[in-house]
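Below: one structure, written as structure tokens.
Read from first to last, the chains carry the letters A, B, C and D; within each, the first residue is number 1.
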Amino acid sequence: MLKVDGLSVLFRHRHGATTAVEDVSLDVARGEIHGLVGESGAGKSTIGAAVMGLLPAAGEITSGALTLGDTDLRALSPVEAHRLRGKRISMIFQDPQTSLNPLMTVEAQLVETLLAHEDISVDEARARAIALLDEIGIADAATRIRAWPHQFSGGMRQRVVIALALCTNPELIIADEPTTALDVAVQAQVLDLIRRLATKRGVGFILITHDIGVIAQVSDRVTVLRGGRVVEQGPTPRVLGQPGQPYTKALMAAVPPLDRRLDRFRLPRVEGEREVPGSADAAREAEDWLMAGTGTGPGPALEMSDVTVRFRGERRGIFGARENFTALDTVSLSVRPGTVMGLVGESGSGKSTLAKVVAALVRPAEGEMRLDGAVLPPMGARRRSDPSRRIVQMVFQDPYSSLNSRHRVIDILGEPLWLYGLERDAGRRARLARAMLALVGLDATAAERHPHQFSGGQRQRIAVARALLSRPGLLLCDEPTSALDVSIQAQILNLLKDLQARFGLTTLFISHDLAVVRQMSEDIAVLKDGRLVETGPSETFFAGPAAQYSRDLLAQTPAVRFGMEAG
Amino acid sequence: MFNRKIPAAAMALSTTVLLALPAAAETFRWAGTTDPQTMDPHAVNATPVLSFLNNVYEGLVRRGPDMSVQPSLATSWEALPDGAGWRFNLREGVTFHDGSAFDADDVLFSYERGVSEPSDVRSWFASVTDVVRVNDYAVDFLTSAPNPLFPGSIANFMIMDEGWATENGAALPAREAETHATRNANGTGPFMLDARDPGIETRLVPHEAWWDTAEHNLTEAVFTPIGNPATGLAALLSGEIDFISPIPLQDVEQVEQRDGFKVLAGLETRVIMLGFGHDHETLKYSEETTDENPFLDPRVRLAVAKAIDVETIDRVIMRGAAEPASQLLPEGLSGYSEEHSERPEFDPEAARALLEEAGYSDGFSFGLMCPNDRYINDEAVCRAVASMLARIGIDANVNAMPVRGYWDELRAGNFDMYLLGWSPGTFDAEHPVRFLAHTPTERLGTWNFGGYSNERIDALLAPIQSEVDPVARQVMLDEVAGILQEEVAYVPLYTQPLIWAMKENVDVVQRPDNFFMLRWVTVN
Amino acid sequence: MPERGRLARLMRSEGVWLFSRSPAAILAAIVTVLIVAGALMAPWIAPTNPYDLASFSLFDGLLPPAWEEGGDPRFLLGTDDQGRDMLSAILYGARLSLSIAAMAMAVALVLGVGLGLAAGYLGGRFDAVVMRIADVQLALPAILTALLIDGISRGLLPRDLHDDLRIAVITLAIALSLWVNFARTARASVFVERQKDYVQAAIMMGQHPLRIMARHILPNIVGPLLVIATVDLASAILLEATLSFLGVGLPADSPSLGTLIRIGMQYLLSGEWWILWMPTVFLVVLVVAINLLGDFLRDLFNPSLR
Amino acid sequence: MVGFILKRLVQSVFVMLAVAFLAFSLFRFVGDPISQMTGVETSLEDQARLREDLGLNDPYFVQFARFTGDMLRGDFGYSFRTREPIGEMLLSRLPATLELGVVALLVSLVVGIPAGVYTALRPRGILSQTILVGTLIGVSIPTFVIGILLIFLFGVQLGWLPTFGRGGTVEIGWWRSSLFTAEGWRSLVLPALTLGLFQLTLTMRLVRAQMMEVMRTDHIRFAIARGVPWRSIRYRHALSNTMIPVITIIGLQFGGVIAFSIVTESVFQWPGMGLLFLESIRFVDIPVMSVYLVVIAFFFVLINLLVDLLYVAIDPRLRVRESV
């Protein structure tokens, strides 16, 4: 149905032009789901945009043929191309929150799209829209259709987006990271829906994602991309099961397995990969400094008893009074000294709130916290000079906003040393900061540069270095790698595992990804809607979870089960 | 008592007007910069109000086109024996706008109202001890001392109808809250108040039963205030209004060049002068001379007078429309001293010599206080004076300010030299002496901010006021003028021009007191 | 560890490239630099010193520009009613207007950003109070603020001190009517930055709130503030002209551009067109240039528009 | 809803009180009203008595308490100049200012929004650049110069429009309007244009920036990807999302319109509250000044409240509460 032959795309910008996609060929048959996988910057979205004719202004197709059935897409005039969009090819975007026009009802948007391509009456259009919503699983569609987009949950909204893309029975739908913004449970349902539409309606899908689990679960064929070039292509079981190319192998090795725990990700070297090991002796100097600080013993034990957090509800509109929203409900938890406790739950379960309570960024309504037996004062009560300010450190999720883009790395790293009076002399502070950079695997020249000159992975390394420079006892990691590509994630997880093991840091590791949690934590706790559902050693948990909710969670997490030999 | 000089233009016109027959009837639209505050003739003693109300109300006497005192509601008046006062014989058959008759009671009521506490015209009756009703049509005004000018001085004392005022609760002028008389009127004048929208528009229509013959041919007169001079000029040039006063001096030439429009440039009875701080021990705004006040030395004051080139100020800033002045009142008014009509001539060298003689060869700096929105081009004149004085080494730093705060600053003595304009209410030389030359007391010398004091002048004031023989009176006035000139109490600069602009087909009479009389307006 | 020119270096590299591509911005920059330089060097390049009363005489009053017939080569752009050389008056006037506008801007910047930053960061009652004060300020027209301050300074200060403080009075009046823009913008930006992780991290580490505001948040909200600054600089100059028109402006013997225009207004129809038009055109060119620069900065700092 | 409005009204009382206090403190500093109210020949004694009668010698706070007390009872006091009740004066001048302000705002919206949309959709077009620079020049010339120029061009040279004042007014109860006669509209054109020009540029630039921002959002890209006709994308999807933030800013700008009206009214002799305020300054008519400012503060707060309510009415996210 869709045939892409030798596609190359060029992006023009102030330093000249870079080739985003080079000589990519792929074809998608009716009813086939073709996965496009690769790390960020591999050119997946560019290919999708090129097919739709929606390349950004600076982009330009330099060569290659794009044919849909017997229509040559590149030969179309802008008017013809626009008429084709929605009629024969549709597209779905990543974030359902922003994909729908907030000021128009779902009905208005559906009817408008239908009338754009078919001359049918408004009533007919509405009837077809309602039927479509029913088909994709929105209960009571007839009344729900008149609702506004903000009245739908994330998952439901993505279903509406799919309905919009589907309503004009296109031959091909390009889905760009359709499930990345969704929770695991909802992601599973959406992927099933896509599977059903492909087989039942014969719609061809191009499924663009960086999540190999999603590809494994639902795609028929897959193309692995790196730097705009096709690394490998073929039926999914073969490509993922027996990867031919070294890059694919490395990619698969970096995927945290759900079925067993590795002591460390074994990342084979891939040519062209710029791995810059920090100079060994500088790293050792930082290590000695840390060892001198934390002493021999492991990090402090953290106990939380009946911690409850209530937020004054968002003023829902001008009319209603505020109702309170309970984020955490009498959570009691204890982290053994020097161990890693994994905290897992869907978005909105309160896992981040818990970390923020420990970090005194959120004020608990009730409950008590203790660090090695001593009371850990909550927000408001914890004075700025309280020793726990130094002992408890946190690594945040979004690498792009956790570092102040106006400061140099040397300033960012020097701040804790100066603040906690660990090192009076400015020169010594700079030396120590460079040493710590080496310890986290970055070269000393990074010190003079600004955060925006680093990749996501490197920034997280800097964030970890900042945390270590206050000689912490307790490290809180709030989804530190969920924004990173799989291979980078593996390196960061290895770093955290090594540092935790070597300095005995008590760590609270938060993630929505069970596979990642399994690799990191000795104990595990599962949160649902602010309540602790289950806690215990992780190996026993993964052997057979006690709570039904945990079991469902485990079942729905897409796992790469192609009998792949262990890494 | 008027000689040829002032106001020639007015004289010529007044004769022709009497002969011209009223042509086709017209609505006459005219504008001015400020709206009369009130329609109550006794509430505010200010030119804009009195000028407007002179079209609606009438006094016992009135002033003609040449400022001569003419009979109005009083047909004749004679001095009572041995200067005890004046008897006024009232005109019979006069009716107010609402038809009620006019008689002596109305005069008595208006007098009581005029001297009441809330009234602002009490000062006119300072010399009046009592008013006696002789009969229905005769009234006596008894004065504490012989007052030869009394009839002329009450030309603006307008008579109200007792019945109408008392019925409508306007027996007294408004104190805090307005009365019926504030926005309504019932006079005997040639025009009736048809509509009054304060600050926006006031409409007058002719009073059919007016006792005098109407010389105008208007069917309706509409007054609108226009604050911004440029907008006012545009209103005239676009034909929306028929007459406006004043227009900026610099636009006179342009208006005259346009066909269909004309300008009447006469002189107002206002002399612009510089005053000194006679009672200031030291200069208040000087950077370096803070221990003495050079202006106390008459030679320094004379130097100031000689350093100012009034001819050039007239040519450049006043476009030649002003008239150099030598005394506190303009030439041509009664009591003007011909003897002292020479002003110190412009001689910077002599000025520097005088300064040297007085011991200020290297000059000094001082504060010159001026209004910026009171007189025509007041701020520009101040800056010109300052630059001329700078040329002889005395540096004035000019502080021009809106008039709203100006009088307080002068009363508080915040100046070393100040600009002042004075228009004598009684159009006689005694007026400026009473207010500007006499030593400041509760009632006299109230505008003598500099605190100038001279026993001889103080002594001469009373005799001047009561001297009946004009020749003897003039001798005394000449002596006063001589002292003021010799001591340079003030430095008179020029008589301010009066600029009226109108359409070609409009004929008016321009009176030097800047009163605009509708009854002499014809639109042909 | 003060971070020195890095921020500037970052902007320049990106800015310079963008700058070179938009002709309007280049033209605006050249014009602004020329005018500002001309104004600052007025005492040296202006033919005469219009503030020195002895340097000009009434005889030279109302002369047309040199190229018109009747013009005098000594006065390139003609003279005003006082005989002041228009060119020098405009240069000195521009210097005064620019310095007033710049000073007013500085005061408004410090006051507005300070209050806006604190209101945004502390929130709660302090924020409500600051916003209500902003409401009060917005409700008062600029002329009233000028009157109030002029009146208060006249009341409190000794008389002679009051006169040479007139410039300070006007500056303060203009500053007071401009600070609200800065406060609102700063407050809005702080709301956004506060949620970001680098601020949360600083709070968690126990840094002093003032330090968080000054070293962490402020450098990140410089963008929008700079845009407001250029636009407000233009409106500050215009405001000074309007205040002069309403009679509350500067004394006539040390004229600013606004005063020159007010004086010029009186000669609008009377044939001496240059007294009004020379300063007005000068003011328009200056204000347009500054606004164009403002637009360029807004696009520079608003990546989505690039 | 009621709670919200009550809270805002309480805040508005505070704002008005603060403005009244500031306005009343003018009492001491702007000049002495008595010298303006009496003639040249009035004796100092009479002036002193007048000052006593008007209670101007009382201590500052006594006068302020009396002033606010009367205000709360609806008695706005009397003008020093014309002795008229100030409430009546303002009421007679209110329609002129409001009508001028609203028409000026309409002009700025009717021209500003389409111009903003056009320059957003064709940023590099020649016409767009000329519009941008043209309006910039318009805004750079002081308002009073523009006013006078328009008067001389259209009033004097061409004679099409009246040069001053407010013609053709029709009385409807106490509201004197100039919207019902051709003459009324002719006298409105020039002042509304002068007052509107500044707002027009502001509105245009706001719409332009916001529109360009919205054109980049996901839901617009999704609409394009669905093949929705361009006209609907631009004017139904993009423009409606553009209008929300623009409306709040325009609401705030209305305060600016009132402030600028002072200059425009004085140039056109437009009998509105702005002109009354200027005259009261020239005449040191303090009661009128103080009451004017409090009324303006009230309008400003009222407009803020209306804008917030309008915001809710337009944006369903705030209006409809329950979520599935």
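In this section, a residue touches a chain if its C-beta (ideal position, glycine included) is under 8 Å from a C-beta of that chain, and two chains touch if they have at least 3 such contacts.
Treat the numbers as computed from the prediction; the structure is a model and nothing was measured.
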Chain whose average C-alpha position is farthest from subunit D's own: A
Pair sharing more residue contacts (C-beta pairs) when A-D is set against B-C: A-D
Centroid spacing, where centroids are CA-atom means, of subunit A and subunit D in whole angstrom: 50
Whole-Å gap separating subunit B and subunit C, where each centre is the average of the chain's CA atoms: 45
Centroid spacing, where centroids are CA-atom means, of subunit A and subunit C in whole angstrom: 47
Gap in Å, rounded to a whole number, between the CA centres of subunit D and subunit C: 23
Residues of subunit C whose C-beta touches two or more other chains: 154, 247, 265, 268-269
Numbers and ranges of subunit B residues touching at least 2 other chains: 230, 373, 402, 405
Subunit A partner contacts - residues on subunit D that touch it in the complex: 1, 3-4, 217-219, 221-230, 232, 236-237, 240-241, 244, 308-309, 312, 314-324
Residue ranges of subunit C in contact with subunit B within the complex: 52-54, 56-59, 61-62, 81-83, 154, 159-160, 163, 247, 251-253, 265-272
Subunit C-touching residues of subunit B, taken from the complex the two chains share: 229-230, 233, 248, 250-251, 253-254, 284-285, 309, 312-313, 316-317, 367, 372-373, 377, 379-380, 383-384, 386-388, 390-391, 395-400, 402, 405, 414
Subunit C-touching residues of subunit A, taken from the complex the two chains share: 14, 356, 359-361, 382, 384-386, 389, 392-394, 396-398, 401-408, 410-411, 414-416, 418-419, 426, 450, 466, 470
Interface residues, subunit C side, partner subunit D - complex: 24, 128, 132-133, 135-136, 138-144, 147-148, 150-152, 154-155, 234, 238, 241-242, 245-247, 258, 261, 265, 268-269, 276, 280, 283-284, 287-288, 291-292, 295, 298, 302, 304-305
